[in-house]
Amino acid sequence: MSTLELYRAVRLIRRFEERAIELVRSGEIVGGIHPYIGQEAVAAGVCTALRPDDLITSTHRGHGHVLAKGADPARMLAELCGRATGLNRGRGGSMHAADFKVGIFGANAIVGAAGSIATGAAWARRRLGIPTVAVNFFGDGAVNEGVLLEAFNLASLWQVPVVFVCENNGWATTMRVSDAVAGSITARAEAFGIPASTVDGQDPEAVHDAARAAVERARAGGGPSFLECHTERFDAHHTFEHKARLDYRSAEELGRARSRDPVDIQGARLPEVERERVDHEIEALLADAVAFALESPFPDPLGALDDLYASGLRPRQGSGV
Amino acid sequence: MSTLELYRAVRLIRRFEERAIELVRSGEIVGGIHPYIGQEAVAAGVCTALRPDDLITSTHRGHGHVLAKGADPARMLAELCGRATGLNRGRGGSMHAADFKVGIFGANAIVGAAGSIATGAAWARRRLGIPTVAVNFFGDGAVNEGVLLEAFNLASLWQVPVVFVCENNGWATTMRVSDAVAGSITARAEAFGIPASTVDGQDPEAVHDAARAAVERARAGGGPSFLECHTERFDAHHTFEHKARLDYRSAEELGRARSRDPVDIQGARLPEVERERVDHEIEALLADAVAFALESPFPDPLGALDDLYASGLRPRQGSGV
Amino acid sequence: MPRLSYLKALNRALADELAADERVFVMGEDVRVAASNLTAGLVKRFGPDRVIDTPLSEQGFTGFATGAALAGMRPVIEFQIPALLFLSFEQIVNHAHKFSLMTGGQCRVPVTYVVTGAGSRTGWAGQHSDNPYSLFAHVGIKTVVPATPADAYGLLVSAVRDDDPVVVFAPAGALAVRDDVDFATLAAVPLGSGRVHREGTDITVVAVGHLVHDALAVAEELADEVSVEVFDPRSVYPFDWDGLAASVRKTGRLVVVDDSNRFSGVGAEILATAAEQLPLAAPPARVTRPDGAVLPFSLELDRAVQPTREQLAAAINLTLKKD
Amino acid sequence: MPRLSYLKALNRALADELAADERVFVMGEDVRVAASNLTAGLVKRFGPDRVIDTPLSEQGFTGFATGAALAGMRPVIEFQIPALLFLSFEQIVNHAHKFSLMTGGQCRVPVTYVVTGAGSRTGWAGQHSDNPYSLFAHVGIKTVVPATPADAYGLLVSAVRDDDPVVVFAPAGALAVRDDVDFATLAAVPLGSGRVHREGTDITVVAVGHLVHDALAVAEELADEVSVEVFDPRSVYPFDWDGLAASVRKTGRLVVVDDSNRFSGVGAEILATAAEQLPLAAPPARVTRPDGAVLPFSLELDRAVQPTREQLAAAINLTLKKD
């Protein structure tokens, strides 16, 4: 993993999110997004430790994971804009973006729900003789969901090649992790016999090194592991907060949170010329992506439920007529 | 807590279960039961550490808890026989026996589901200024249910006066605890910041002492604690096994399990004459209980749904006519 | 007269019940900051002991509320998303709903579950756009779907005072509705009592939740050709069968517009009961979501899977032609 | 001809699918020992890698099966109790059901959920006696309720081969049914195809699951006065609307007997669709559980809350008198 590659990854996510927020403001992205800004080191550090055929499950705050795992930014943006050319043909949007061809088993809008899905997928791949590893991303809020803890037990019992990555950004919407999590986050994995460690989630290289160790362990048959990444959410929980300001986070706290920027941290490791070249590439790439998204057609409403059943079953329509 | 009282408690449960099994065989108890035989020390040791106004939630294997907490054996037996004089007026049966007047917030047929109910009840009592403690009984299988683990978090966060009592009898129906539980049982409570200890679940006095400490701690505002009782199921998972023998437990293992009998252990602590007096009392009491149950009327089917809604709402009948 | 918004009406109902009864408390995710605005101002007025933020543990805190209710409290839970009811489904239908009967009437479980924003939220896609009130009506949980601010107030108050579990669905499509309301007239609305929003003689349109406003618009639109009576059940379970019968006996024709999936939705129950018991001059009709509907993200697709005014108008006209 | 029991037919279907397709595996509680007998002999024949005992983690292993399906396997889950579907409800309706649409058709979730013993188990009381197939039909999960051994075999085979999630409800009241079956004739039964068990001309009785046998008994009982056609939808969703229409067009009268709660059960959907689309000579009728039913423990009470043959006979006679 080169310093440059990691910088490109965090920078791409950052600028993608900034462009996406503009498109929320301009009304092109309906329903808003959960910005990943501030947490880029986690997605970048973890996904650069994966092979193309490894798989991930993502969250409501999933753009970073999807981009870092290799989805086309243009088709991702088209998805956010509800276009027929989007990753999910406009059916999924921000919280359900998926690209199975590159191992993205979907962002998931239900906190904690994907842990058992990732575990089952990783187990099945091994059963089918495919030597891949799965990563299940989730936030600090998810460790309070029983279904995720059930997944820890299954993964440990059956030594499944899955890595649980907890992005602890200190908040579950407006609730502080200290008010929501009794005991400690890593202890919850360790209680199930899963080795757990904590890493600086603002440093892309630190995350990458920790993730690589966990992924190699899983690939070698060493079973699941758990990685807690201490990170910071720089922006709103969701863009609706840009209008409806909720009173839970002080300017001081936000200032402290923003003081360690993963893009700056990784950027500082590159000569300025290289950094600028990458920045220019990304601006061009995103300009094309935005153009592609906005020029793409919307899907045909007549096909709204085409994909409801994989078997092709056609549901009865809602209007008797 | 006198030696005698504990002996009476374990002996009553043992003989109650033996009579109940006879009534299953004779067809008076429809649907069978989950016999508590072998685990008597847990219910007796824990419930003798409680006050009458303390509360418990129980399980599918709940007869021991219900008797030890002070329900009338005659009305309990009448409930098992589906009679109008039963604790639940014949509406609940073995898996739902309840007696709110003595703090029995119900046996519960769904493994793990009562943990959050007990936690909420204990919290509410404290909010209402009532200095009571709640005990949530469950088996080793329940520690794999997410909802129970969620309850641990709430109890610890809010320092609720609840004691979680895990009866580890080594089996969840036909599944060994070692195949079902990754890590350790006590670690699952400790992960949430709940102090946990393990005790010999075949010795009524050992259980009582450990339970008293946990209950006093909770009553004094010290918050929840967790008690793992190592115990043995002497009989079938459910009486249906008496006919359909399932092949999972060797004669040797069963022999070992039965080698430490809580009734014998406690009985040996009493002079024979006292023990015999208690035994005679219990035989007389159970003879009366059986007579009461079998002489009691069945409930009127016309009132089948009388209690469906506490508000008195009457549901529409199922036959259009 | 002052304007009252639907969301503010729900907020006012909670405040009034918290003030009136010490046993009432509110719990849920982000209720102190009031992310959905349902609980705006409540923590300031009633304190953090009665307005409680919960971790993301829906099954756990739903069971917790059941236990608190069994011990004498009257919990109100806010669910931010309809799908959270799926996570706590077992705790609601298998415990809260069954305790009274299973214990032979020894206890009661007066818990209120409020879903702030049921149905499509426009752009929140498949897992945030369910409208599962028919599921709870089928199970037999008391279920209300208020359409107006005054009914939102009155039904939430009744839900909190009721001795059984009640689910209150506040449709996303109704949260922004504002009415002129004389606050002095705000009062409890009994569960199981419907409301005729518009009198008519030719046909009865039963509309649920936010669709009441669409039904009224369509009735107005068609006013020259047909006299439409708009009946709002307000609570889907228990249902005001007498109110429905009175309307259908008058009009002889019935169309239901219901944002549930078609198969075995509330619309199905209304047609079935009408077919069994009421004199119909023509076959009744439903306008619903399709069978098994999942809302796609893209706006036009999201809309295409929900009942529309055009579909309702067409169903009305067709029903009038038939006999 | 050899006798085949319902439970053995399900067992045989699993064995045949495990033998035919390496991607098929079975998971659930106590499936190796086969506590319910559904999986009897399977671990011996196919090994512990394909017959997997799970801890008590219904949500967890249901999601696990979804993930395995997304990765190319065809999991079959046994649920020992209908209520376990409530625990895994969110994973089934919000994930397994929605993945295909939400991803724009990128994936499929071929998982089969088998409930061995739905409805009353006689003495297992409130939390073990649900029959929640209407809930899944409403959501749009493919849902089958076989009545006979041959259909149990054929529908389970189709469920396992189907590319979408399918719930198979094996009613406790049907598990003991035995038929003479030529094993050579055992074959897949397509989802959505009903079956006329008994031809008749005066009235159509739609019966679901174990109630098919009660309907046939009542039809026989009344044979001298009335010619009853007994229609078994076999799969409640998708439903064989053409089959129903053919029968009702012939008889003009309709009674449904359905072990669901009355409100918005499958019976409601059948009556609603018939009222919308079919020529009925008299108002149709339903025999169901009451609204919001919870089964009490005591035997006579348990029975009093389920549809009876007497109720069905009365409903048939009443429907014949009306016009």
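All chains are identified by letter, namely A, B, C and D, in their written order; residue positions are counted from 1 within each chain.
The rule is short, and it goes like this: contacts are C-beta pairs under 8 Å (C-beta built on N, C-alpha and C of every residue); 3 or more make two chains touch, one makes a residue touch a chain.
Source: prediction; values computed, not measured.
Among the remaining chains, those touching chain A and also chain D are B, C. Most remote chain with respect to chain D, judged by CA-atom centres, is A. Rounded to whole angstrom units, the spacing between the C-alpha centres of chain B and chain C is 39.
Spacing of chain C relative to chain D, judged by their CA centroids, is 30 angstrom.
In terms of their C-alpha centroids, the spacing between chain B and chain D amounts to 34 Å.
For chain D, residues that reach two or more other chains under the stated contact definition are 55, 57, 59-60, 83, 87, 90, 94, 101-102, 125-127, 140, 238, 263, 276, 285-286, 291-294, 296-297. Residues of chain A in contact with two or more other chains: 88, 90-92, 96, 108, 110, 144-147, 150, 153, 157, 179-181, 305, 308-309, 315, 320. Taken together, the touching pairs cover every possible pairing of the chains.
Taken together, the chain B residues at the contact with chain C in this complex read 55, 86-92, 96, 98-100, 105-106, 108, 110, 113-125, 127-128, 146-147, 150-151, 153-154, 157, 305-311, 313, 315, 320.
The residues of chain C lying in touch with chain D in their complex are 83, 86-87, 89-90, 93-94, 97-98, 101-102, 125-127, 130, 134-135, 137-141, 237-239, 260-261, 263-277, 280, 283-286, 291-294, 296-297. Those residues of chain C lying in contact with chain A across their complex are 29-30, 32-35, 37, 53, 55-60, 83, 87, 121-128, 262-263, 285-294, 296-301, 303-308, 311, 314-315, 318.
Chain C contributes residues 23, 49, 54-55, 57, 59-73, 75, 90-91, 94-95, 99-110, 140, 142, 162-164, 192, 238, 276 to its touches with chain B in the complex.
Chain contact summary for the complex, chain B toward chain D: residues 29-32, 79, 82-83, 88, 90-96, 108-112, 141-142, 144-147, 172-175, 179-181, 244, 246-248, 298-299, 301-305, 308-309, 315-321.
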